[in-house]
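Please find the structures below.
Presented sequentially are two complexes of chain A, the first with chain B as partner and the second with chain C.
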Partner chain A sequence: MNEKRKIRLATCSLAGCFGCHMSLLDIDEKLFDLLGMIEFDRTPFTDIKHCGPCDIGIVEGGVSNAENVHVLKEFRKHCKVLVAIGACAITGGVPALRNNIDLWDCFQEVYLYEGGLEGNQIPNDPELPLPFDKVYPVYEVVKVDYFLPGCPPSADTIWKFLTDLIEGREPKLDYEMLRYD
Partner chain B sequence: MGAPAMSKTITIDGKNVPFQDGQTIMNAALAAGVYIPHLCHNPQFEPHGSCKLCVVSVNGRNMTSCTMPAAEDMVVANNTPELNSDRKALVQMLFVEGNHICPACEASGNCQLQAAAYYLNMLSPHYTHFYQPRAVDASHPDIFLDLNRCILCELCVRASREVDGKNVFGISGRGIGTRLVVNAASGRLGDTNFAATDKAAHVCPTGTILIKRQGYKIPIGQRTFDHKKISEVQMEPMEPDHE
Partner chain C sequence: MEPREFPQIEQQLAPVFERHGREANQLLQILREVQEIFHFIPPAAITCIAAHLGVPRTRVEGVAGFYSFLSLKPVGEYRILFSDNITDQMQGNPELMRYFCHKLWLEPGKVSEDSLLSVDSTSCTGMCDQGPAALVNGWPLTNLDHERLDLIAELIRGRKPVCDWPPRLFEVKDNIRRSGTLLGEPFAPGAAIKATLARGSAATLLEMEASGLRGRGGAGFSVARKWSMCRASPGEQHYMVCNADEGEPGTFKDRVLLNSYADLVCEGMTVGARIIGATKGFLYLRGEYRYLLNKLEQVLARRRAAGLLGRNILGETGFDFDIEIHLGAGAYICGEESALIESLEGKRGRPRNRPPFPVTHGYLDQPTVVDNVETLACAARIAAQGGEWFAAMGTAQSSGSKILSIAGDCARPGIYEYPFGVTLHEILDDCGAEDSYAVQVSGPSGILVSSKEFGRCISFEDLPTAGAFTVFKRGRDLLQIVQNFAHFFAHESCGFCTPCRVGTQLQKKIVDKIANDHGTVSDLEELKQLGHIMQTMSHCGLGHTAPNPVLDMLKKFPDAYQHKLKDLAFEPAFDLDGALETARNITGRDDTWAHLP
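Moving on to the complex of A and B:
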C-alpha cells in the first residue's frame, strides 16, 4: 500500500545502431537497482509499441525518415523529460555521413549497382517509411531537455546520468565521462 | 635598459602575471601557467587572431589575448562564466559549420576542437547543422586532406609558409565561402611538393591533415585528451604533434 510510484521510462532507437541500448544493458547487475527505481514503458526491452505518459524518454539515433519523426514526436508528447543519447541523436553521427551525398546517388549505389537477390531494384513498398534528404539530430526536430554524448556513452556514464536524473539532481558528467567517440 | 626584466605585471583573474615589453597577453599567460582557451594560436607561430576563443576582458573591453600586447596594470578577466559561455557558442558554431563526426574521425581524442568542447562542457552543438558538402583530397601518396574538418585556423598555411618555405596552403573566398585551398594548378595536394615530414603536416588542431597508414595506431581511449584536459596539455612546454 502507498508504495512510492516508480519513475516511468521509455526508450527508442531511431537512425541508430542500438549501441546505446547495449551500453545501457552493460550496467549489468545494476539493472536490478534500476528496475527498483523505474518501470519501462515503450522500449525494445518490453516490445510495447506505443509510448504512454512517461517521466523520462531516452532517444537514440538521428532522424532519417518519416517514421523516425512520428516516433520522436510521440516521445516528446508523452515524456516529461526527453534525453538525446549518443552521437547520432546529438549530431546525426555516422548515418549523417550520407548527408553530403545526394539521396538518389545513395540509392543507386546501394540498390542498383550491386546485384541483389531478385534483380536490382530500389525498394518502393508503401509500408516502408520515406527517407529524408539528410539525417538530422533530434534537437533540430523537437525540444530536447538533456544530452548524453558518446558513441556509445559508457555503462558507467549512463548509470551516473540516470541516477542523477531519477534522484532529482542536475545530471553532471566528470571530464572522462564526457566523450564524443 | 637597466630596468629589471619582468618587472611589469598584469593581472589575470586576480593573479599577478609578469610580462616583457612586446609580449602578448596570451604568451604572458602561457609563461605563467594560466590557461586561456585557444585553437588558432600556437606559440611557435605568429598570432592569427581568427578563432576568437582566446577573447578576454581587458579593463572591461573584450580583446583577443593572442594578438593584444600586454601593458602595465591591465586587469584581465579570463575564466569567467560569461566568457566561457561565449567560447562554448563559438565552438558549437565550428561544429555545425563543418562536418565533425567524431566517432568516424581518426583524430578523435587528439583533436583540439573536440578537447576545447570537452573543456567548455559542450553537450550538444545546439545550432542547426550546415552539412555542407566538402571535399576529401586523397591524391597525395602520404597525406589525406579532409576539408570537412577544417576550422580555418591557418596553422598549416603559416607552417608551410614560415617553416617549410613551401607555401602549399592558402585561404580563399570570403565570409561563409572561405575555404582552405591547395597551391597547385589542379588544386590537388598530390600535385604539390608537400611532404609528410613537413611542419605543416603536424600542426592541424583537428583531423583535416592526416598522415596515411597511421590510422588507429594509438587506440581510442589512450589518446592525448582522453584523460587529460586541453588546459593541462597546452600548458606543457611543447605542444605535442597532432599524431
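Moving on to the complex of A and C:
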C-alpha cells in the first residue's frame, strides 16, 4: 500500500513568548495523532536551523528586528500556506508596547543608566539582531494566508485549525473558539 | 514646559458656572469657555467642574478628550489651525502652513518655547469657497496668502489680541451665485408662524405632507412623517433641534443660511415646535461657526422682542417656544443626529443605538425632532406659501430646490440653488468648471462621480446630496484626494465600534501605502474586503460611508492608482531598511546584518 505523503510543517517564534508553541503542545496525547499526519521541518522542537520546502508554516510573534525579517522571508519562500498565530504575530501584541517609546530612550534606559546592565555601553556586535524602530505585525512584512487569533489560541482551537488545514478543508472555527471572556 | 499653577481657578470659573448652572448637560458648554479662558483645560479646572456639576472627574476628562477644539495640554496663546480639507489643500494650504511655521521657527503640533503660539491642522472649516482658510483661537481666517500670513505673524509677535486684528482678515462672504425660491424671494419674519396659527397645526402638517419635503442633511427622510411621529409620541417635554453641525468637508450652505437667512431657519423651528408641541429648541452650531454666535443671539433677541419667540408667541395663549444655541467643539460625528443629542446633553458625541429613534427617545429621552438647517428654512417657506407650491418644483420624489456648496476647480465657487433634477453638466457650466474630471457629490461620505456620469442629476432618485459639490479638473491626482478623505475619516471616527475605529485606520494605512509606491494587487483586494466589513458592520453612518471614496475610486478611476502599483503580489507595508536606520545610528553599526534589501 502506498503510504500518503506526510504534510510538512514548520514553526518559529519571532518577537513572541513561545506561549503559542506551548499551547500547541497542550494538545497533549493528540500530539501522537498529529505526528501521524505531519512531519516537522524547522521548529524549536526539532532544532533544525533553516526551513526547507513545507506545506504549512506557523509564525508566532511580531517583527521586531532584522533577523526576524530573514526568518520570516525564508518561511514565506518555502511554505505554501503561512499562518500568523497569536496576538503578537497578528498585531504586534505585548512587544509592540514599546512602539510608543523612543528607541534611543529604550537603549539608554537599558544600557547606559545606572541600575541598567553593566559596562555602560550600547552593544554593537554584528551578531546581535538589529532592532527596528517599532515592532510590526507579520502581515506588514510578508503575505499572510491565515490569522489564528488568541493570546494564545487554545489547544483545541489550534487542533481544530490544523486538522482542517491538513485534511484539506477551509479552516472553520466556532464562535466559542474565538471568544476569550 | 513647567506645569502652571492655578491658585485662583475657583474665582476664575465662578462666572462660567454662574452662566451655565449645575446641570451636567452644560458640561461641553462650560468646557468650551474654559478652553477660551486658559487656552486649554487645566487639571485643576477638571476637578473644579467635576465638583460643581457633581459628576466624576473621568466624565469631565472623557468629554474634554473627545472634542478636537478642547485640549488637555496647553496650546499657544494664539492657536492657528489650518483647514486641511482637499479644496484648502488644492489652494495651497500645506505650503502656506510650512511657510508660516518656518517664518516663526515653529513645528506643527508643538507649542512655541514662550507658549505664545501653536500651529496645527484641522478638518474642513467650511470656507471652501474662499480658502485657503484657517482658524485663529476659533475665529475664521479666509483667503490666506503669504502677505496675510506675514501680517498675522506681525500681529502675533506684537501680542495684539485677536479681537483687535484687522477685520478684513476675518471677512466671510456669502457668495450666493444662483438663488431660487428659498434664497431669492423676500420673507417677512412672522409670516410662516401667522399662517400656521391661522391654518392650525394639523392642517399645516398636511401642507408639509403635500409639499413632499424631505430632509436636506442627506438621508432624505420625510419631514411630515418625522414631525407627526414626534407629535404622536408621549413625553413630558418635546424638543425641536436644528442640526447646524455642518461638518461634511466641502459643505458651507448652512453657514450662509445662518448668516443671512437666520429668520427663516428660526421660523422653521418655531413652526415645527408648534406642530410637535415643543416649548424648547436647540440650535447646535458647529464650533467652526462660533463667529456667527453673537449675530445669531441678536436675531433671537430681536425675535423675542417682536413676539416671535418666548411666551405666548404672536399673542397666542399657551404658544411658548424659545431657542438656545449650543456650540460644538470640532467633531464631525456630531452631525449624526443621535451623537448630536448626546453632545447636547454634554457628553461625548457617540451615536446611540437606534431604534429607539429620537422622535420617541431623543434629548433627555424625550420625543425630539432633529432637522437640518436647510430643511427648516424650507419648512418655513412651506408653512407660509403652502405645500402644493413647493411640490410643483423638482422631480417626482424630490420636491423643491437644493442648495449646493460648490468649490474646487471652478471659476465661480459659492452657493447655488437649483430645483431638484438639475444635471451635473448644467451645474458645471454655471460655475465655470472647465475640463472637469470628477465631482465629489455630498462630500467624502457621498459619491465620487466620473466625467462619464455628468448626465446624472441631483435628486434623491439619482444623486442624493447634503450639499457639497467639489469639482476636480483633469490633471488632479485623484489618489491624493482619496487619501485626504481616508485621513479625514480615520481622524473623525468616534472610536466606539471596532469596524469603524480599526477599519478607518487600516484603510488610511493601505491608501498611504499605495500612494507611497508600495501598493500591490493584494492591497486592492484588501481595501475592497475592508470596505465591505465597514459598510455592513459599523455602528453608524460614519463607518458605513467611510469606504465610499476608496471604493468609488477602485471602481471608476483605475487610472488613478494602477501606475502606482508594483507588479509583485506583495510588498511590505513600510520601508524595511529605513526602519533600521534609528538603531543603526544608535549603535553605530553599518555591517551587512544591519541592512535589509
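Here is the rule we use: the second predicted complex is superposed on the first by the 173 of 181 C-alpha atoms of A that agree within 3 Å, B and C clash if a C-alpha of one lies under 4 Å from a C-alpha of the other, contacts with A are read in each partner's own complex, and residues count from 1 in each chain.
In this text, contacts are C-beta pairs under 8 Å (C-beta built on N, C-alpha and C of every residue); 3 or more make two chains touch, one makes a residue touch a chain.
What you see is a predicted model; the values in this text were computed from it and never measured.
**Q** First (chain B), second (chain C), both or neither: which does A:K143 touch?
**A** After superposing on A, A:K143 lies in contact with chain C but is clear of chain B.
**Q** Would you check which partner chain A:A84 touches, where first means chain B only, second means chain C only, and both and neither mean what they say?
**A** In the superposition, A:A84 touches chain B alone.
**Q** Who does A:A66 touch here: chain B (first), chain C (second), both, or neither?
**A** Once the two structures are laid over each other on A, A:A66 reaches chain C alone.
**Q** Tell me the contact category for A:K134 with respect to chain B and chain C: first, second, both or neither.
**A** Both: A:K134 reaches chain B and chain C.
**Q** After the superposition on A, what does A:C51 contact: first (chain B), second (chain C), both or neither?
**A** Neither: A:C51 stays clear of chain B and chain C.
**Q** After superposition on the shared chain, which partner residues are touched by A:A96: those of chain B (first), chain C (second), both, or neither?
**A** The answer is first: A:A96 touches chain B but not chain C.
**Q** So which positions on chain A get touched by both chain B and chain C?
**A** Chain A residues touching both partners: 134, 136, 139-140.
**Q** Applying the document's contact rule, which stretches of chain A touch chain C when the two form their complex?
**A** Residue positions touching the partner: 66-67, 69, 103-104, 107, 122-124, 126-127, 129-134, 136, 139-143.
**Q** Quick check: in the complex, which residue numbers of chain C touch chain A?
**A** Those in contact with chain A are residues 522, 569-570, 572-574, 576, 579-584, 586-589, 591-596.
**Q** Write out the stretch or stretches of chain B touching chain A in their complex.
**A** Those residues of chain B that touch chain A are 95, 99-105, 108-109, 114, 117-118, 121, 123-126, 128-129, 131-134, 148, 220, 226-227, 229.
**Q** Under the definition above, what is the set of chain A residues touching chain B in their complex?
**A** Chain A reaches chain B through residues 84, 87, 90-94, 96-97, 99-100, 134, 136-137, 139-140, 144, 146-149, 151, 175-176, 178-181.
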